[in-house]
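These notes are about the structure you will find just below.
Chain IDs A, B, C and D follow the sequence of writing; residue 1 opens each chain.
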Amino acid sequence: MTNFKEGLKAVKAFAFDVDGVLSSPEVYLHPTGEIMRSMNTKDGYAMQYAVKRGYPIAIITGGNTPSVALRFKGLGITDIYLASSYKMDDFKDFLFKYDLKPGEVLYMGDDLPDIEVMKTVGVPCCPADAVDEVKSVAHYISPYSLFSKGISNRTTIRGTKAVRNATVRFPTRNCFL
Amino acid sequence: MTNFKEGLKAVKAFAFDVDGVLSSPEVYLHPTGEIMRSMNTKDGYAMQYAVKRGYPIAIITGGNTPSVALRFKGLGITDIYLASSYKMDDFKDFLFKYDLKPGEVLYMGDDLPDIEVMKTVGVPCCPADAVDEVKSVAHYISPYSLFSKGISNRTTIRGTKAVRNATVRFPTRNCFL
Amino acid sequence: MTNFKEGLKAVKAFAFDVDGVLSSPEVYLHPTGEIMRSMNTKDGYAMQYAVKRGYPIAIITGGNTPSVALRFKGLGITDIYLASSYKMDDFKDFLFKYDLKPGEVLYMGDDLPDIEVMKTVGVPCCPADAVDEVKSVAHYISPYSLFSKGISNRTTIRGTKAVRNATVRFPTRNCFL
Amino acid sequence: MTNFKEGLKAVKAFAFDVDGVLSSPEVYLHPTGEIMRSMNTKDGYAMQYAVKRGYPIAIITGGNTPSVALRFKGLGITDIYLASSYKMDDFKDFLFKYDLKPGEVLYMGDDLPDIEVMKTVGVPCCPADAVDEVKSVAHYISPYSLFSKGISNRTTIRGTKAVRNATVRFPTRNCFL
């Protein structure tokens, strides 16, 4: 994890997959047939805070649900790549726009389409329930998972505190908890 | 389970019950009084993937909720039998339409109305919390259940991986996890 | 529980409280500010089944949410007492309408306003998390509770089977599971 | 806790943060992109009961979701401070309006913006998963947390009973359970 902490110092931007990272696979069907995803407001606060401090944030997702885009826009995020069929292209677009090098980005993903980007970034992260191929390239594997509702509160509290007191960095639920 | 793996090789189509198989019994009431069912996007991806690879998929449910039909249509599924009072009739209709033999179909159900169809198909499956009568005719009983939210992540990950690396087949949450 | 099983034989009708019995205290806020309650479709099927077999069912609740009434109407229930300030009055109305004696009714409640009715009915029931005063007058305390999401699947399955194979009676989640 | 019980006797009003105290961090996205928060109807009944008994209640939240305001208005609460950037200002406004001294207020919060107010009130409370800085100034830390869905029913029942039989006071889920 020294690798991870060293990498954090160089981070100038963040990029996230959505499903499995910022939203849960369990959804409810609205009467219109649209799916309603579950998210965590603590992740929302963290991203909002990062935006205010000037960090560019990219959302790169294969999904194409308008409500997801609206939610992230509401948090002040402007770089939202929906229906991303090849994430590397969208990631390069994000790097170009903000004049960033891959090593300056923290990326969090959980599945095969995320791997190519994860291999290039400075801080590749994943949740506890990412597929093994993703885990093998991650520098940091969060003990927290969107699947695990039964996780002890203590972990959550400690994680949040760690971010606040120690790194004063980007405290998303999955990244640092 | 050799029986099960052998049967999988002959599978050319899939058929699913909805309640208890693809959706949870816990629902939320929309202000209009309509019920909002919980589903799993990983099941959705799996079915979408199967459709793209050319597998016919039938949804055969006693329920009659428009949102359910809309959701499955959105995944590319065209054979949706709502308000099915006698599932065998709808199943035969599905077989006829695609010129299929019962032994070429994987079916997953969890309750009494599913049993007759399950006795005829090549690969009858059920979730862990199916009623005993259904379990006794299933060739594969998923360790996962829609009732069990506390299931370990590890199981989920292993299941997904098993499908991807080994069978390269139809990875619904309940079928192969 | 001999008392309970004997009582069941005389049951000709059912009456239910809603909050804590048929719906969970955890709700979601719709954007309009209306609350969306969680219910269980297995309870819904059970009530629908009882209605079809000719059992009168009363819903007697202090709440006044239109979506709740719409949901129960959709199940074929016609005797829905919303905003019930004194449940005994509504219960008497129900008895009078169907020419029933209190001893012929199974009632399930969980809180103080339910006690007076429970003391008069033939089969007073309550969920596991009812208040102690209610538990002390119940002939049957369900091991299942709306608060307990982590309950083992096995219990649920066993309960359903007990209803089907043994009593062939009214299988609501809380009553007999 | 003697401190806590003594303080309760002087309580003439209540003030609450929302996120993490009265609502859960897990939210669902409505198709419009609005977030739908989870609340507990038992908290709602408790606040409604307190309002009827004449207790002023303030809701002081940094959030600005209309549905939250509508929900609390529906419970009879009139002092709802949304988008509160500095909670002490809104708290002082509440005190002035009802001619209250800080020592006469029970306040429950869970995060850094709540601390200044908590240091001045008679009964500062927090849920089990509040940040450590908040816990260190609380006179009462609820064993219940919005994060913990798996909490035993027994605790919930005992808590409710304690409020009813002993204090006949304000039984919110987090405050006294």
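What we mean here is this: a contact is a pair of C-beta atoms (placed from the backbone, for glycine too) under 8 Å apart; a residue touches a chain by one contact, two chains touch by 3 or more.
Please read all numbers here as calculations on a predicted model, not as lab measurements.
Between subunit A and subunit D, two chains of identical sequence, the interface residue sets overlap only in part, with shared numbers making up under half of the total.
The chain with its C-alpha centre at the largest distance from the centre of subunit D is B.
The copies subunit B and subunit C differ by a rotation of 90 degrees on their C-alpha atoms, rounded to the nearest 5. The distance from the centre of subunit C to the centre of subunit D, with each centre set as the mean of the Cα atoms, comes to 31 Å.
Centroid to centroid, with C-alpha atoms defining each point, subunit B and subunit D lie 44 Å apart.
Subunit A has residues 28, 30, 32, 36-37, 149-150 in contact with two or more other chains. Judged by the touch criterion defined above, the protein chains form a single closed ring in which each chain touches exactly two others.
Every residue of subunit A that touches subunit D in the complex is listed here, in rising order: 23, 28, 30, 32, 34, 36-42, 44, 66-71, 73-74, 149-150, 153, 156-157, 160-161, 164.
Across the complex, subunit B meets subunit C through its residues 19, 25-33, 35-37, 128-129, 131-132, 145, 147-150.
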